[in-house]
Amino acid sequence: MMEQNKESTVARLQAAKHESGKSYSQLAEETGLTNVYVAQLLRRQAQLKPDTAPLLLAALPDLPEDHVREMMRAPLRSYDPNLIQDPTVYRLNEAVMHFGESIKEIINEEFGDGIMSAIDFYCSVDKIKGVDGKDRVVVTFDGKYLPHSEQKSEHMVSRTRPSEKQ
Amino acid sequence: MMEQNKESTVARLQAAKHESGKSYSQLAEETGLTNVYVAQLLRRQAQLKPDTAPLLLAALPDLPEDHVREMMRAPLRSYDPNLIQDPTVYRLNEAVMHFGESIKEIINEEFGDGIMSAIDFYCSVDKIKGVDGKDRVVVTFDGKYLPHSEQKSEHMVSRTRPSEKQ
Amino acid sequence: MMEQNKESTVARLQAAKHESGKSYSQLAEETGLTNVYVAQLLRRQAQLKPDTAPLLLAALPDLPEDHVREMMRAPLRSYDPNLIQDPTVYRLNEAVMHFGESIKEIINEEFGDGIMSAIDFYCSVDKIKGVDGKDRVVVTFDGKYLPHSEQKSEHMVSRTRPSEKQ
Amino acid sequence: MMEQNKESTVARLQAAKHESGKSYSQLAEETGLTNVYVAQLLRRQAQLKPDTAPLLLAALPDLPEDHVREMMRAPLRSYDPNLIQDPTVYRLNEAVMHFGESIKEIINEEFGDGIMSAIDFYCSVDKIKGVDGKDRVVVTFDGKYLPHSEQKSEHMVSRTRPSEKQ
Amino acid sequence: MMEQNKESTVARLQAAKHESGKSYSQLAEETGLTNVYVAQLLRRQAQLKPDTAPLLLAALPDLPEDHVREMMRAPLRSYDPNLIQDPTVYRLNEAVMHFGESIKEIINEEFGDGIMSAIDFYCSVDKIKGVDGKDRVVVTFDGKYLPHSEQKSEHMVSRTRPSEKQ
Amino acid sequence: MMEQNKESTVARLQAAKHESGKSYSQLAEETGLTNVYVAQLLRRQAQLKPDTAPLLLAALPDLPEDHVREMMRAPLRSYDPNLIQDPTVYRLNEAVMHFGESIKEIINEEFGDGIMSAIDFYCSVDKIKGVDGKDRVVVTFDGKYLPHSEQKSEHMVSRTRPSEKQ
Amino acid sequence: MMEQNKESTVARLQAAKHESGKSYSQLAEETGLTNVYVAQLLRRQAQLKPDTAPLLLAALPDLPEDHVREMMRAPLRSYDPNLIQDPTVYRLNEAVMHFGESIKEIINEEFGDGIMSAIDFYCSVDKIKGVDGKDRVVVTFDGKYLPHSEQKSEHMVSRTRPSEKQ
Amino acid sequence: MMEQNKESTVARLQAAKHESGKSYSQLAEETGLTNVYVAQLLRRQAQLKPDTAPLLLAALPDLPEDHVREMMRAPLRSYDPNLIQDPTVYRLNEAVMHFGESIKEIINEEFGDGIMSAIDFYCSVDKIKGVDGKDRVVVTFDGKYLPHSEQKSEHMVSRTRPSEKQ
Amino acid sequence: MMEQNKESTVARLQAAKHESGKSYSQLAEETGLTNVYVAQLLRRQAQLKPDTAPLLLAALPDLPEDHVREMMRAPLRSYDPNLIQDPTVYRLNEAVMHFGESIKEIINEEFGDGIMSAIDFYCSVDKIKGVDGKDRVVVTFDGKYLPHSEQKSEHMVSRTRPSEKQ
Amino acid sequence: MMEQNKESTVARLQAAKHESGKSYSQLAEETGLTNVYVAQLLRRQAQLKPDTAPLLLAALPDLPEDHVREMMRAPLRSYDPNLIQDPTVYRLNEAVMHFGESIKEIINEEFGDGIMSAIDFYCSVDKIKGVDGKDRVVVTFDGKYLPHSEQKSEHMVSRTRPSEKQ
């Protein structure tokens, strides 16, 4: 049921934002969230937390109440695979695939055998001036470092079967 | 360079195990690791930790020293996509794909909007008897619960640019 | 016909659960089933057995009668391939593909040349505390061991043609 | 290591058969196996059982001893995806995909909600005359019926955690 | 036009069968067809022949007349590629892909360089008892042997151009 | 084993043709085969028949004897999927895919519910002048018409089980 | 807009043909076109030319006027990729892919480095008797030979930039 | 055979160019060809014509004679599908896919129902200054317009069968 | 929301053009844009700029006002992957893939290590006469040269963290 | 030729780094480049500039001279598609695909209809502490904003054909 409603819910949420005339960055300032996260909320790609709901409602007073309730459910995260056709998204993907192995090796050198979490994760888009004075886009990915666990039997609480069988 | 050596390193590691005549579960007991993790180590899918290296060497004395050093590097994790053809691997994949949405929803209900980590993660294979007395395979996936972070600007340490620009 | 109804049937079943306010784990307790299996039933990925129908109806009294009848038919099992995009499902798939060959080899060592059945199979999701006191998700796959049969002609009842031709 | 050797092992096994001048069906008669199973053995797609090894060696005396030992290990089952290009293999695949849903529904009607196992399974190729006196190929798939288990908690031996936690 | 109607036609045909309460095997007995073929007819994957139409109508009197006429047209044969997700269909496909090269080679040995036709072809599903007394599914593929023709110019009636050019 | 040799065998066969200085069409005239079929023989995509072997040897005296023997075995038919990149092959494929449904419907109208066999099949390439006097390529596909069989139980010789069970 | 209408236009065109009771070959005779081309016209895969429109209208008087106008627009040529599942279309594709490299090489030998055009192209389906008196399908592909141009700068009219820059 | 040599031939041709120190554009000037075409020749993607061979040899005197002979054979045109990963190639592909339908419709409006040939085709890369004085790359595709032929039976020289049958 | 409206917006825009009876090239002349760009605007693949809106409205007075506003929003660029089936689009793609590596190398030689931008980019379709007096299609891709930047830390304005940490 | 050498060149470059015992970040400090860019240089994914070559040689004195020359050529950028299997790379890709549309929309709001260049682009990996004192990975993508150009004919220098034709 949740998934059925996603597309129409998003259309309504986007309409509410459109009518407010506010940008994602403005909404971000008003709610204390990153601009990317606000956009994710309004596309049902993130869960609206109870403490944040009133802030979002204050910023977008036209949000219908049942949609706010829906936004507080854990979403099924997804995307249209054709999205990669869009030049903006492709360029990001190109950077990840071409630089991916280098990024991985630097994480290994600086942190150890682990990854950057995409769950305990922040993302923002910023506008800065380059050394030539021209506009530049800065996309920041900031994720918690997660080391691959060494799987020691004594630390695996779920696995006490050998003794159970006795 | 690391990746070049992977295939031949694995062949050597497997040969050392073969000559020892020990099973993964025996090696697991001797090293205090899960049986799946030992198998991953010997296929260069996990990093051998310094404290564990002597235990593994004690269990597999024929391991060549330079291979042990290689095993202590962070590996590039990978698999042959055709592996899915093998009936055992396919059955596991079938279970994940057919039960996946149910598992996700139960995690949401029991824990909140988050996932089971595959990094802070344990896996073991156990042999038990079913209620009909027949052998059963138990594969346990035990991963830390990671909640999707709410991306609050004040918590995003990496993003202090607005104030920087002043 | 069966397949046509699947999507709308699932929407109705999910609505009935939603209105009950019960979680899959609560329903599991009330019906004596695993929590994953209850979720599969309510997504038409498993067949409701006659003895279990009254238990499910007791737990979810709003289930419409014709839907209960539909739930008792053998379903065509399927999933949306894009489901793999969801982070929870991807992590499970990642574990299976990266650990798959190790799991297979341990099954071979412990049981012989065979597989873990995905048909005579149980699956549950549990919540435990790790050694660090943090929440962990445990997904258990428990399937009957099936040895690859040696195909002896005398045991192949269906193949008595050579004698028939006489 | 096992997988590395597969291709060269198969070449040797096929050479031994070629030199014997015997067909798969002849080898099947001499070993008491189905003709398809003998072919699978000689392509390392099935495990040679201890009792059958002497029969196969009697039929193919040139089989090198180390290869016989290798044949007794559980193989990693695989195939070249381009095999589907071959007209014989394509026709079989065409039949399965076009008739698949019908076969499934008949199994449901005749047996219940379950499948034909591909593990406890026999396969043979036979040559018969049709009603018009022309040669016909008969491929028989004979697999054990496996009912999808109803996942009752009390029957899931691996899951006794709730009581454990006390 | 034909293709447009396929889905709705199949829904109506299945409904007629459902109301009759008869299984495919019962319909097979009453019409003298294989059970798989009856199922194909009711899914518009085969053409209903004039002599068989009255038999089918006798067995399923509720079949609407215009649908019977539609069933007598040559269908565009097709299937949903996701059908492979269903465990029953996957097991059949697994057997074909893993055993395919062996089946091909046995056909070559027993018949020559040719294939099993999937057009002059019979398929049935049968229920038997195995040597252990358990139920087994037998799927029989019975196709005419078609030798690859040697392409002799004098036998290629369509190619008389060299003489035409004079 | 057969497949291992394919690539090197083809290289040798092509070299023999190259040294002869003859075109496929010349070889076709000397052997009484279509030009396409000669090309298939020299690429191990067709089986050399005993009566034709001496004709081919007369036309290409440098063919090594062991390769002629190899050419008399049933080949595993295959192609490189990237072949579709070549403009000539793509144009043929384009015609088949864009005209395919029309060709199918005309076959249905003119012959009935059946197909053009690709096994009992002839193919040739001819050079003609168009009405404008320009060179044109004519590719002729000439295959036996195969009607889809109606699967009558009494005609399915392989299926006599119901009576067997008594 | 054009593309939106394609599906419904084709349904109407097919209905007009169906009501006429004429086959594609009959329509071909009446319009002086090949049977395949008539079928392409009625599936909006070819453009109806002004001189041919009255002939087609005479053969199919029920064609609605606005559809005739639509048929005179250049179509966006396309096909459903699943069409390859149909056995008739697959056999054609199989022939092209397996014989493709041979056809290409013969064109090179007989014509030079070029291709058979799929644009200046004729296609027909004919019914003939084989040497055994059985029906055979003949599909003829007849395309203009197009040599790959040698790209001489002086012949490239569009490229006069170097002189322009002066 | 031809294809076997392609990779090593290209390596030798590129080495000859490298040693000459000349760019493709210089070679283009010396041979009277477009720069893209020269590059295609040195990658065996085009056939070297007899009149051009001495010009190319004059420009690249180190070209080995047997390679020049090889260059005069019709190549099997191909490319590595991963080439699309390169940012330069991707940008070209992006333009074609995003602008493709527009280009097609303009060709239809300006020329009629036909295409730009990729066979009778010229391609060049030029360097110009934009209105802002910055360097710009100009890639010119210049192909002959080919109208889709109306397939009139009387113009299909290859199809004279109806009269033949008499 | 934007994306939802795309298909219907395009249908309306195309209808307005159709009613005007003007070609893309005529609209290009009246608006001072390239013909390809006008076509992109009317398919919502480019953003209508404020200064150009009145020119377009003058050329197409029937454009509805709300659609003009919609045209001024940044579109999500996309295409139907099946578009590649159309012969015109395929030929362009064929040229890019077969000539791609040559084009890349010439850009490197003439400009340096960089690419042709597909963003600061012009495209037009022109009709010319070839040296043989026949119509030719010229598709011009004209993009700004973008050199790959050398990533010097001091030029990366966004990265001042090391000093921040103090 | 260039591409042939890539793999072995990278192995040598990585060996030189390994022997130096320096991390990418150390090399970055010594050369004034970002750490990701240094890693790209040592994997032949970026071109070594003349001014930077001595700095790199100073940092890695064992770099062989011919490899330094090779590093100064424009590389063919590529990656192994299986790289996406590595958990670190997958997480980055997951973030791009799930957040992609949001990032695009914020760029549109903040900058206009354009993209973040992946060519005039900087990337770095940094290690910071989160608000909870735990290690976090920061991946920064910093690219020049490129507005989609409005394609005005008068600004398209390459297109002066209409006047040329006079």
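In this document, chain identifiers A, B, C, D, E, F, G, H, I and J correspond to the written order of the chains, with residue numbering beginning at 1 in each.
Everything below uses one rule, namely that a residue touches a chain if its C-beta (ideal position, glycine included) is under 8 Å from a C-beta of that chain, and two chains touch if they have at least 3 such contacts.
Per UniProt, the chains are A, B, C, D, E, F, G, H, I, J = Cyanate hydratase.
Treat the numbers as computed from the prediction; the structure is a model and nothing was measured.
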### Task
Spell out the chains that contact subunit F while also contacting subunit G.
D, E, H, I
### Query
Given that subunit A is a copy of subunit E, what angle of rotation, in degrees and a multiple of 5, matches their CA positions?
145
### Message
For the two copies subunit F and subunit E, is the contact made of the same residues on each side, with over half of the numbers shared, or of different residues?
### Response
same
### Query
Approximately how many whole Å separate the CA-defined centres of subunit A and subunit I?
30
#### Entry: Where subunit E and subunit J are represented by their mean Cα positions, the distance between them in whole Å
55
### Task
Could you tell me the distance, in whole angstrom, between the mean C-alpha positions of subunit E and subunit H?
46
### Junction residues of subunit J, two or more chains touched
36, 76-77, 79, 85-87, 94, 97-98, 101, 104, 115, 117-119, 121, 123, 126, 128, 130, 136, 138, 140, 142, 155, 157-158, 161
### Task
Would you pull the subunit H residues touching subunit G in the complex into a rising list?
28, 32-34, 36-37, 46-47, 49, 52, 74-76, 101, 104, 108, 112-115, 117, 119-124, 126, 128, 138, 140, 142, 146-159, 161, 165
### Message
Considering only the defined contacts, which subunit E positions touch subunit C in the complex?
### Response
10-11, 14-15, 18, 82, 85-87, 126, 128-131, 136, 138, 140
### Summary
Listed in rising order, the residues of subunit F that touch subunit G in the complex are 23-25, 35-36, 39-40, 43, 45, 77, 79, 83-84, 86-89, 91-107, 109-111, 115-118, 121, 123, 125, 127-128, 130, 134-145
### Query
Inside the complex, what are the residues of subunit J that reach subunit C?
85, 87, 90, 94, 97-98
### Message
Under the stated contact criterion, what part of subunit J meets subunit H in this complex?
### Response
1-2, 4, 76-79, 81, 118-119, 155, 157-158
